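Same chain, two partners: chain A is paired with chain B first, then with chain C.
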Partner chain A sequence: MEPIETDLLVIGAGPGGYVCAIRAGQLGVSTVIVERNRPGGTCLNVGCIPSKALIHVAEQFHIARLQARDGGALGISVSDPRIDLAAAVDWKDGIVSRLNSGVAGLLKKAGVKSIQGEARFIDGKTVMIRSEMGEQRLTARRIVIATGSRPVELPDLPFGGAILSSTQALALTAVPRTLAVVGGGYIGLEIGMAFAKLGAKVTIVEAEARILPQYDTDLTKPVAERLKELGVRVMTGARAGGHAKGRLNVETGGGSERIAAEKVLVTVGRTPGFDGLGLDELSLAMSGPFLRIDEQCRTSMRDVFAIGDVTGEPMLAHRAMAQGEMVAAIAAGRPGGWDKACIPAICFTDPEIVTAGLDPEAARAAGHAVRTASFPFRANGRAMTLGAETGFVRVVAREDNHLILGLQAVGAGMAELAAAFSALIEMGARLEDVAETIHAHPTQGEALQEAALAALGHPLHI
Partner chain B sequence: MGEFTIKLPDVGEGIAEAELTAWHVKVGDIVREDDIIAEVMTEKAAVEIPTEVTGKVIWLGGEPGEMLAIGSDLARIEVEGEGNRPGAQAAAGAKTPREPPEQPATKAPEPAPPEPGAKSDPDAGPDAAPRPLPRPAARRREGERPLAAPSVRRRARDAGADLRQVMGSGPAGRITHDDLSAFLEHGPSHDGPTRQPDMSVSEERIIGLRKRIAERMALSKSRIPHITIVEEIDMTDVETLRARLNADHSGTRGKLTVLPFLMLAIADAVAEQPAINAHFDDEAGILRKSGGVHVGIATQTGGGLVVPVVRHVEALTLWEAGAELARLAQSARESRAGRDELKGSTITITSLGPMGAIATTPIINYPEVAIVGVNKMQMRPVWDGSGFVPRRMMNISSAFDHRVIDGWDAAVFVQKLKTLLETPALLFVKG
Partner chain C sequence: MANYDVIIIGAGPGGYVCAIRCAQLGLKTAVVEGREALGGTCLNVGCIPSKALLHASHQLHEAQENFPKMGLKGKAPSVDWKQMLAYKSEVIEGNTRGIEFLFKKNKVDWIRGWGSIPEPGQVKVGEDTHSAKHIVIATGSEPAPLEGVAIDEKVVVTSTGALELGKVPKRMVVIGAGVIGLELGSVYARLGADVTVIEYLDTITPGMDGEVQKTLQRILKKQGLKFVLGAAVQKSEATKTRAKVTYRLKKDDSEHEIEADCVLLATGRRPFTDGLGLDKLGVKLTKQGQIEVGRDWQTGVRGIYAIGDAVPGPMLAHKAEDEGMAVAEQIAGRHGHVNYGVIPGVIYTWPEVAAVGETEQTLKAAGRAYRAGKFMFMGNARAKANFAAEGFVKILADKDTDRILGAHIIGPAAGELIHEICVAMEFGAAAQDVALTCHAHPTYSEAVREAALACSDGAIHS
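Now for the complex of A and B:
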């Protein structure tokens, strides 16, 4: 086929890649995007979006079951709720395909040429694209590697059959009676909790001393308590061995145990998706398993950029999107550089955890004298009306000028506070700015203002 | 409940008053017997004052920097049972027990505790000290990222401006659009962006040890006409000997520095010139020549300069002098030196070690008549008659009270030190 020449080639149409391509197209850069699967990447197809759909289904079903069991405190009665997971998965797939075609439409609207196929580097300016149409050579002035990541496999538990990656877990059409989740990070807990609510007997197997080890214990305690309420067994300091005949071998400090597990979900991390890319041709500088980048997302090779999960932690869609947008601007000849003050992170467990900026320990480690305060939802009216009094909002600020360094929260629906958190930090807000802003009543967001007031020594509602 | 008054004890012979330098407690604190409540400073030394009783502090008798007469009331403690102020007790018993009666002074010494959060509030309200005119810019610590809203960052990037060079006038030093506009219009000052005039003046009360040092220095420099002699000394042989001694014995006897050699040299030199190891009582018109050679060693401590004294150097061996010197320097730095260890010197050595420069003009420790300043030792080329050879050279800068020491005598003394140190065997071969 005819070779193609373009200004910008984006390899991978996940959140980083498609945002990069759309923005580049809007800025008048001739852009080609290559994706081997459907557009949207892990996030849209097998990650953020489908898992949130499943979590929603599970929560609705869980509430219905509670109401059926004891009528609930709300006075609603329901009889014999049932879950048809296949139907729920259809609903989820409907959302995913709407978003798939949405992304494809946006790319088209921005004048981006989309190719479904696999790209393989020939050199730093040239890739060979293999698609159903055959092989096609493509030369680009600039290339963006945005090929994302895939779940890490354990040698004793290769994916397939009863052993599920997060992708396969989100495609189950029946709720397993027993489910073991190997890896108590946010992915494992989000999906594990959802299946517990759908009726599975869930066991979490975590190698570290506690679940969600990247968060401080104040933030994870409400999640641990909820797991207990849901009847989820949490085994910490435990290593999973092999799986046979519906049982998973687990080594703990006290010996080994065989736990019932019709299915085993392995969520022990993600590794960059370089397979088939021919990166060896470029010998790019690495940072551990990831591509090393500078503050403009440039790799060690001129005009080869990398964005998203291939560049390492935090592996978050919104980080990849911001990187993609920045690289598009650079490709259009505009100045650009990474200057974000924070990358918020959300853990969609029950309750949800949201963090932005520095936690108290990190702030101290960065050499700041800090003041920190939190406000609990048990003193928040809106939280009471939602029956969700667990959790708190916490603020971390500099002692000297009260600049807000970090905001964290755990509680129901906290994910939506992420917008406020990151805006405050990016704007360089101080405690006084939050304390003197009207926060609408009754909302859970009032806890943010109260936390700032508490940090200033004069809370109102506690 | 009774009241117990702690009086400022007699902290040194012949002293009528002492300067209060620090409180270790505040009104309302609970103290236990023997807790340190205050520090005072006399001409001789810093002294910590303990409480003799257990109870609650209800009154403090002054502010740091004030002079207090020996025997005056230092603090009052509310105690269980009877105190030592029966009048107060009766009054206290009759009226509200918590409020100490009389004493209009009770309110003055202790400033009201700050409002919660107000202490470090950068926008402190009307009760804060008046703020100076807004500074043109807030300083950031080196390497601290500039604080600016995303729109300001984008505009700076588009304009090619480096925000690290822009001063922020907003809260917490935030860079506003106006700051950026001003920067784009006027550019950074030609000195570079981080060089700003600093109009601030901060006041510090000179109290305690610092005040004592100030008074002593003024006394010495105003009364004594100094004559200073700088001489260079070839320390190569001392250094060879010292290295050998340290290699053989430092494990068991401690490490020798240059100073013990100098101390022994001074002891030998003043044996021939007793007028140099003396106190000049200029009011009585008497020069008191001392038989004992008590060498003060000017020592830098966290609180300032102190001069611990190595006594009777004329009777010490090299190792004894070294060990005593090390012990005193250590206790001075840890503020443990006793009052007796900080007085009575008859001649003083001052040394800044590697910072010692090539010459100094030391100030005599009044009422002594001589001080020996040690300068930096370094390898220098020395002409030996046929070529330059590297020698370890060190200058000593010595000052003398010219009222009682003539230039000739001073020069003889310095030459004696030079001879002894350049041929250190002479220090150990007597007669």
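Now for the complex of A and C:
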């Protein structure tokens, strides 16, 4: 096939890559994007979107079951519902395929050339693209590596059969009777909780002393309590061994136990997706297993950029997208550098956890004298009308000038508070600024204002 | 009989917040409230009960409309209206008890009964006269009557009666397509009533952004609400169980009749100042019956202040609360401040509507050059995963400076999303500031960022 030349080549059409390509196209840069799979990457195909769809179904099913069981506090009577997981997965696949074609359409509209195939570096300006059609050489002035990540495998529990990665768990067509989740991070808990709501007997096996170890215990406690209510067993300080005959071997400090597990979901982290990429040809500087980048997402080789999960933590879609947008602007000759004051993170468990900026411990560790305060949802009118009184909003501010360093929340529907959290931190808001911004009533957002008031020593509703 | 620094008349959101803040600032404070419970219109017969019913009826709607689509099977759900009302009452009680607790905690006295002001510095309740250096009138509002429509609160009701109907009506006529009419109309439409909304103007939700009005009307129509616009209601005639409403269409002056087993009059609210003795004091009222106040919320009579629904401005709980806070600061010798340019308004229909600042209509009228950045929820991944992809976010920014002048959202969780814009507007931020803030994925809030992008470089996902 004819060799291609382009200004910008993006390898991988996940949220990092496709956003980079669309923006570059919009800014008039001649752009090609190569993807070996379907457009949308991990996020749209086997990550954020399918997991959130499953969580949504599971939550609705759970509500309906509670209504059927206790007559329904809200006054809605339903008969005991059934879940047809195959139908639910069809529904989810429908959403995913609409999003796939949506992304493909957006790329086209922005004037980006999409090629389906696997890219392999020849040198810092050249890649070979292999597809069903054969091989094609491509030279580009600038190349962006956006090949994302894949699930880490455990030697004792190789993926296949009863051992599932998150990808396979999201494609199950029947709810397993028993499910062991190895790894109590956000992905494992999100999916594990969803299956618990769908009726599986779930056990979480976590090596650390507690689940969601990246969050402080104030934030994780409501989630731990919810797990208990849902009948999920949590084993901490525990190591998973092999799986045989529907049982998983788990070693705890005390000894070992064989727990019932028709399926085992392994969510022990993600590793960069360099397979088949031929990175050896470039010998780029690394930072641990990830590519080392500067504040413009440049790797150690001139005009080779890297964005998204290949650049390490936090491995989040919106970070990948923001990096992609920035690199596109740089490729278009605009000035740019990474200057985000914060990258919010959301854990879509029940209740949801949101964090932006520094938590109290991190703020102290950074040498600040801090004041923190929180406001509980049990004193928030909107939460009462939603029957969702668990959780709180917490603010972390500097003691001397009240500059807000961090905001955290746990509760139902917290995901949508994250945007205001990051906006405040980006703008360098002080406690007084939040306290004096009118928040609509009745909303969950009022809890943010109250937390700021509380930090100033005079909350109104508590 | 006692001496106070401050006596507040009325324990709605304006009054109770003012009282708590006064007490926190060290003032000896009492509140006079004639109702059996604290919390005013908002907690007893307003925001909170309406949102409780909206939440419950939405759950029902969700089960009917979307369960089959996502693989949830079971018999069609039914409504236990008594139980739904019980749920609402429970939510109200939780809220009003909460205020009682806050009064105790902050040492605010509740003087039970209806108050009047025989002379400046004195408040009379029953036989007792109390003295106060400062008096704050926070007596709120009541439903505005309409000539020819006699209210019996059984068949022909105001919002108060509509929150506790004996049964779900088969046919309901709502007079007035404002926030309250549409919210309560939605509740009964979801519960199975055949709802017709009659509005005098040619659009619903007067004063809102024109595109939002049209979109909301289209969506509500799809949900089964019928609209008769440009119609002047002449009269209603009621028996014990039914009512007939006569209206005249403005376009051809034709007269029509419509029958229903419940008529909700929701043509607005008017300030309630009866029995205070304002006439004798010389406190001036506007033509609409609102108490005239200066910039410090003081009436023409020194030491008498007024806030909330009883004074000019949007009749919203959070506006009343903020004025309550500001007056308290003022009385304590500090500087109270309310930014009337940034007061969000929310309609809790499905989808929700939220707005803040200028509309395209007001900007055009003022001859101000602006850009409108719009993003449809169709292009938002989370909205797609949750059956919530109707509606849009629109941000209006100054053409030259990019400063955000207003925002209009119709879509999921709009009431929470608007706060990010409020914060940005309080900071005088440009649309680009919102665009450059990292928004978590997958959230509805990403649509806000995309709309901000659409004000300049263009959105990514559209």
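By our rule, the second predicted complex is superposed on the first by the 462 of 462 C-alpha atoms of A that agree within 3 Å, B and C clash if a C-alpha of one lies under 4 Å from a C-alpha of the other, contacts with A are read in each partner's own complex, and residues count from 1 in each chain.
What we mean here is this: a residue touches a chain if its C-beta (ideal position, glycine included) is under 8 Å from a C-beta of that chain, and two chains touch if they have at least 3 such contacts.
This is a predicted model, so every value here is computed, not measured.
Engineer: Among the partners chain B and chain C, which is in contact with a greater number of residues of chain A?
Structural biologist: C
Engineer: Contacts for A:337 in the overlay, against chain B (first) and chain C (second): which applies, first, second, both or neither?
Structural biologist: First partner only.
Engineer: Looking at A:413, would you say it contacts chain B, chain C, both, or neither? Reply first, second, both or neither.
Structural biologist: The answer is second: A:413 touches chain C but not chain B.
Engineer: Between chain B (first) and chain C (second), which, if any, makes contact with A:458: first, second, both or neither?
Structural biologist: After superposition on chain A, A:458 lies in contact with both partners, chain B and chain C.
Engineer: Should A:64 be classified as contacting the first partner (chain B), the second (chain C), both, or neither?
Structural biologist: Touch partner of A:64: chain C, not chain B.
Engineer: Of the two partner chains, chain B (first) and chain C (second), which one does A:384 touch, if any: first, second, both, or neither?
Structural biologist: second
Engineer: Between chain B and chain C, whom does A:403 touch in the aligned arrangement: first, second, both, or neither?
Structural biologist: first
Engineer: Have a look at where A:101 lands relative to chain B and chain C in the superposition and call it first, second, both or neither.
Structural biologist: neither
Engineer: So in the superposed three-chain picture, is A:427 touching just chain B, just chain C, both, or none of them (first/second/both/neither)?
Structural biologist: both
Engineer: Both chain B and chain C touch chain A; at which residues?
Structural biologist: 426-427, 433, 458
Engineer: Show which residues of chain C lie in contact with chain A when the two form their complex.
Structural biologist: On the chain C side, the touching residues are 13, 17, 20-21, 24, 42-43, 47-48, 51-52, 54-56, 59-60, 62-63, 66-67, 69-75, 77-87, 91, 94-95, 98, 102, 316-319, 321-322, 325, 337-339, 342-346, 354, 379, 381-382, 384-386, 413, 415-420, 422-424, 426-427, 429, 433-434, 436-446, 448-449, 457-458, 460-462.
Engineer: Sort out for me which residues of chain A touch chain C in the complex.
Structural biologist: Within the complex, chain A contacts chain C at residues 15, 19, 22-23, 26-27, 43-44, 48-49, 52-53, 56-57, 60-61, 63-64, 67-68, 71-92, 95, 98-99, 102, 106, 316-319, 321-322, 325, 340, 342-346, 354, 379, 381-382, 384-387, 413, 415-420, 422-424, 426-427, 429, 433-434, 436-446, 448, 458, 460-462.
Engineer: Going by the contact rule set out above, which residues of chain B touch chain A in the complex?
Structural biologist: The touching residues are 115-118, 120-123, 145, 147-150, 153, 157-158, 160, 170-174.
Engineer: Could you please specify the touching residues of chain A with respect to chain B in the complex?
Structural biologist: 334-337, 339, 341, 398-403, 426-428, 430, 432-433, 456-458
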